[in-house]
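Okay, so chain A shows up in both of these, paired with chain B first and chain C after.
Up next, the complex of A and B:
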C-alpha cells in the first residue's frame, strides 16, 4: 500500500549505505519481534484448528474433525453467507454515499467551511464504536427519535422495527465505516485533472457524459480502495453486530467470541481462520480490480 | 475551469451532502442530548432536564477504573509504538535494507487479520507460553502496539522520506555521532510525523475493544469493555453522560492538535492513499 496521494521525492542517502549492516538490523529488531509474535500467535491458532475439543487441555492429537464439523454444517455456512451479505450491502451503500460526499468536499472553496465539514465528517472516528452504536440504539429504537418522527406520518400507526435486526446493524456499520471510504476518494478526486474535463466539455460532452466518461473512470482507484477497506472492516465487525443485532444478526466474529467463551477453542480457531480467509479473498479481489484498472489505463 | 466548476454544481448533490453531514453527526448529537434526560428510560422526547447522570457516572467504579486503565494503556502503547515504529522507519528509509518492500508489506499484515482473530491468537499464545502476559497491562500494551504499528511505521516512513538527509550528513561530516545526529537533526524534523502518529495510536488504543476483550481479566477491564458490558445490560442515560464526556475529550485533543495538523500537511501522512503499489 503506498502512503500518500501525490508522488513524493524519496531522499536516499548513498553515503550511509556503506555503514555496516548491524545498525539497521538493530533498528528493525524490536518491530521484528512484534511481527514474530504476531506470526507465532497465528501459527499456534492454526494448530488449534487441528486439535480435538477437550474444553481446557489441548491434547497432543491431530484431527480434522473440527474443520469437517464446520464445513459440513449448513448452520455455519449460513453464518458465513450472512456475514458476507452484510459486508457487501454495507460496502456498496457506503461507497455510494462516500462518492458524492467526497465530490462536494473537494469543491468547497471557503477554507473555514471546508475545515468544518472535515471535522464533522471525520469526528466519528474519534468516538468509540460503543458510543456510536449506543447513539444508533437511541435514534432507531422503538421509542427513539426516528420512530417518534415516523409515527406522526398518517400512514404509519406503530413504530417500525429498526434495531435488533439486519437493518439496524447495516445503518450503524455504514455510519462507522463512511470516513474510511471518503478518505481514499478525497485524495483521488483532489488530483482529478480539470483540463481533461474541460476538454471533454469543450468538445460538446454533457455534464453527465463528462462525469461518466472522464471523472468516474479516473477516480475508480479511489472507489476500489475505499470499498476494499470498508469490506475488510465490515466483514469482521463485531461490536456493532452484537449491540445493534441484539442476538438476531449472527456474524462470524460473534461466533468466534461465543465459542471461546464456551471454551471450544478449536471451533473458535476454525471460525477465526474462515474469517481471515474471507477477508484475504476480498483483499485479493479488490487488489486485482485495482491492478486491472491501472493496466487498462496503460494499454 | 469556471465552467466545469459551475456545471459540477448539480443541486441534488448538495442536498445529499448535507444529508450525509446530518447522518454523520446525528448519533453523537442524540447521545449528548440524552445525557441530560431526567428519565432512566431513554425515550424520545426526553422527560425533563437533569445533570444527575454526570455525577452518577463519575462515581461509578467500573468506569473510573476503566478510564484509568485505558489512559495508561493508551499512553503505554503510544510510547512503545512510536519508539519501535520510528526505529523501523529510520532503518527502512535511511539504509539500504535488503527486501525493504517485503518488510514494509509484512508490517501491514496485522491490518488484514480481523481483530477478533488477533485477540484470540494472542490470548492463546499468552496462555500457552505461560508468559504471565494474559490479563495484565503489559500484555495489552503488546497487543495494541501490534495493532497500531502498521499505521505508525507508515507515517514515519512517509515523514522521513520527505526529509532531505543533507543536514544529517552535514552534521555527520562535522563530527557528530550517529545518536547525536538523530537526536538533534532528524528528530526535530519529524515533529509532524510524531504528532499525527501519536494522536492516531492513542485514539486507536483508547477505543480498542475487539482484540482487548480476549486479553483482559474483569479487574483490568478497559473503558470500552466496561461500557460494552454496561450497554449489554442496561441503557440508562449514564452511558450517554460518559459518552458526552469522551466526545468532549476527543474534540479537545483534536483542537489542540489542529494547528499542527493544518500546517504539517498531515493528509500526506495518513496511510490510506488513493494509489496502490
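Up next, the complex of A and C:
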C-alpha cells in the first residue's frame, strides 16, 4: 500500500465507523425489545411458581409447595406422559406421511398439477385451527363421513369411535401439522443433487438402494427439522386436544388453561414450565441428531 | 498396438447410434470401435454430443437408434447399475455423507464383496491414487485434486470393463490439471482398463489419448491418434479444432504426380496430395503456422514458390513469436517461430514466405465450418 493512500482511508473508516457502529444497534433494537419482554415474562412466570396459592391474591412469600405438589403427583406425571406420547406419535406419523408427499411433489413435472397439489397441501394453513378441528369432528363423528364409509365394509358392523379419544386427536393433529413437515423436506429434496444419485446407480445400486443409501441419508436434515417443528407444535397443541379429545385426552396445555382460568396461577406456571422444559429437551435431542448427521460434511 | 485383430479386440462398439431430445438431434448416427485397454477421447466443443455419447455408454441415456455393445454384448436395454462400466462425473458427485473410505467402498458393498476383500481393495486404490492415510476424511475436507482422486478410485475399485470420464478435470486450475493428466495416464497404464475420456480441451486429449474421435454437431468428424489428426486432418473443423491453422480457400490448377498447384486468389501454392484432385476443383488448404517459413526479403533471391509478403503484426507469446503476414494476393496468414531462434522481424517489413509441399494438406469442408474461438473456449 502506498503511504499517500493512508490519511484518506483513515477518514473514510472513521466516518464508516460512526454510522457503522450505530446501524447494527438500531437494527437490533426491535428484536431486542421483544426478547426483553419475553424474558421478563418468563422470569415473572418463574417467580409465580414459587408463590403459595391462596384464592385470588398472590402472597409475597416464597415456597416450593407447588413444585412438590406437581412432581409428587402421579396424576400430573400421567398427563406429562400422555402429552409426550401424543406428540411423539403425531411426529412420527406426520414425518412418515410428509416424506412421500414431499418426494412426489418434487417429482411432478406438470406445472398445473404441481400448483394444484401445493394448494391442496398448504391451503389448510389459511384456515383457523379451531375451524379445522371442528371439521374433523364432523368427519370423524359416529355418523360422520369417515364412519359412513367404514360401515359399508363387510367386517365393520357399527361405527368406530374416532372422536373424543386419543385416535381422533392424533388424526386431526397429523393433518394440521403435515404442511410443517413437508416444507423443510421440500427444500432439502429439491436441493438433492441428481448426480450423486446417478453416481450410486453407476456403482451398481438398484433404485431402492439409491434411495436407502444416498437420497434418504442426504435428506435426513429435512426429516429432523420437520420433526422438530411438528413435535414442538404437537406437544403444546390445545384446541385440537380439547375439541377432539372431548375431555378424555388430557394434555399439559389443557391443564395450564384450566388452572389459569381457576386463578391457580402458581400451578399453571409450574405446568407451563414443565411444558417448556419438555419441548426444550426434545429440541435438544433433535438438534444433537442433526449435528450428528451433519458431522464432517462441512470442512 | 500388439492386440490381435479379431472379435475380442474391441471393448466398446457403437453402431449408427443416434440420440434425439425431442426434435433436437444430439448425436447423429455415429459409429465407433474402441479397443480394449485403450485411452480413447471424445473431443469436441460444448454441445457436440460427446457427453450424451458417454451417457449412452454408461446407460443414463437410451439411444434413439442404433446399437451399443460392451464386451460384445448389446447393452441398449441394460440399466446403468447392471453395466460393467463406471463413470467419473464432471462434478465428481462424491457422496457428502460418507468419508473417503466409504465412498470408495460404495460399489463393492452394493455387490456384497467380503469385508476383508473390500478393505484390501480400498487400501490398494488409495495407494494407487496417492491418498493412503485419508480413509477417514470427509469429502468436504479434501482439496479439489484430492476429491478428483477419490472419484477416480471410487470408480476404478470396481474393476470396470470400461472407465468413463466426463471432463473430470474441468474444475481444476491449470497446473493441477496438467499434473492430474499425467497421473491419470499413469494410472491407466498401470491398470490397463479401457478409458473413455470426454473433453473439450484438445491439449488434454492430445496429451493423454491413444486415439480420439473429434465430434461436431452430433457427428464424428474424424477418428485417429493425435499425430494423425494434427498432421492429416480430414476436415476444416478438425484442422482448426486441433491446434491452430491457416485455412485457405482455393482452386486446383494442375497436378504433377503428387504435387498439386492451388490458386488462392492471386497467389499460387504447392501441395502434396495423395488423392487425385480434379483440375478446377474448389479446395480448402490447411497450413500450420509453425510449418511456414519466414525470411527477410533482402536475404537472397526468391525460392521456388515463395511469396514476397508484408509483415503486418508481431506478437510475443513466450516460447514462440507469432507473425501476421499479408501475401500479395491479400491473404492473411499466421506464422509461428520459436522465440530467440532468429532475429526478430519488424512489422511493416518485406518478408519471404516459404513452405514445404508436405506442410500443407487439403481438407474437406468449407472454411465456414471451421471451429471458431468460442468452440475452443
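Throughout what follows, the second predicted complex is superposed on the first by the 267 of 299 C-alpha atoms of A that agree within 3 Å, B and C clash if a C-alpha of one lies under 4 Å from a C-alpha of the other, contacts with A are read in each partner's own complex, and residues count from 1 in each chain.
We adopt the following convention: a contact is a pair of C-beta atoms (placed from the backbone, for glycine too) under 8 Å apart; a residue touches a chain by one contact, two chains touch by 3 or more.
Computed from a predicted structure; not experimentally measured.
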Looking at the overlay on chain A, is there a clash between chain B and chain C, or do the two fit? fit
Taking the superposition on A as described, I'd like to know which of chain B and chain C A:201 touches: first, second, both or neither. both
Which of chain B and chain C A:103 touches, first, second, both or neither: first
Touched chain A residues, chain B compared with chain C: B
Contacts of A:123 with chain B and chain C, given as first, second, both or neither: first
Given the touch rule stated above, what does A:221 touch, chain B (first), chain C (second), both, or neither? first
Per the contact definition in the header, classify A:152: touching chain B only (first), chain C only (second), both, or neither. neither
Lowest C-alpha to C-alpha distance for chain C against chain B (Å): 6
After overlaying the two complexes on chain A, where does the chain B footprint on chain A coincide with the chain C footprint? 198, 201
Contact footprint of chain C on chain A as seen in their complex: 193, 195-196, 198-206, 209, 213-214, 217-218, 293, 296-299
The answer for chain B against chain A in the complex is residues 1, 3-5, 7-8, 10, 13-14, 16-17, 20-21, 23-28, 30-31, 34, 41-45, 83-85, 87-88, 90-97, 103, 106-110, 112-118, 120-125, 128, 142, 145-146, 149, 153-154, 157-158, 161-165, 168-169, 178, 203, 206-207, 209-210, 213-214, 224, 227-228, 231-232, 235, 239-240, 243, 246-247, 250-251, 253-254, 262, 267-277
For a test of understanding, state which residues of chain C touch chain A in their complex under the given definition. 58-60, 79-82, 85-87, 89-91, 93-97, 99, 106-107, 110-111, 138-141, 154-155, 158
Considering the complex alone, what residue numbers of chain A touch chain B? 1-6, 8-11, 13, 15-17, 19, 23-25, 27-28, 30-31, 34-35, 37-38, 40-42, 44-45, 48, 97, 100-101, 103-105, 107, 115, 117, 119-121, 123-139, 141, 143-145, 147-148, 172, 175, 178, 180, 183-188, 191, 194, 197-198, 201, 207, 210, 221-222, 225, 229, 232, 235-236, 238-239, 242-243, 253, 256-257, 260, 265, 268-269, 272-273, 275-276, 279-280, 283, 287, 290
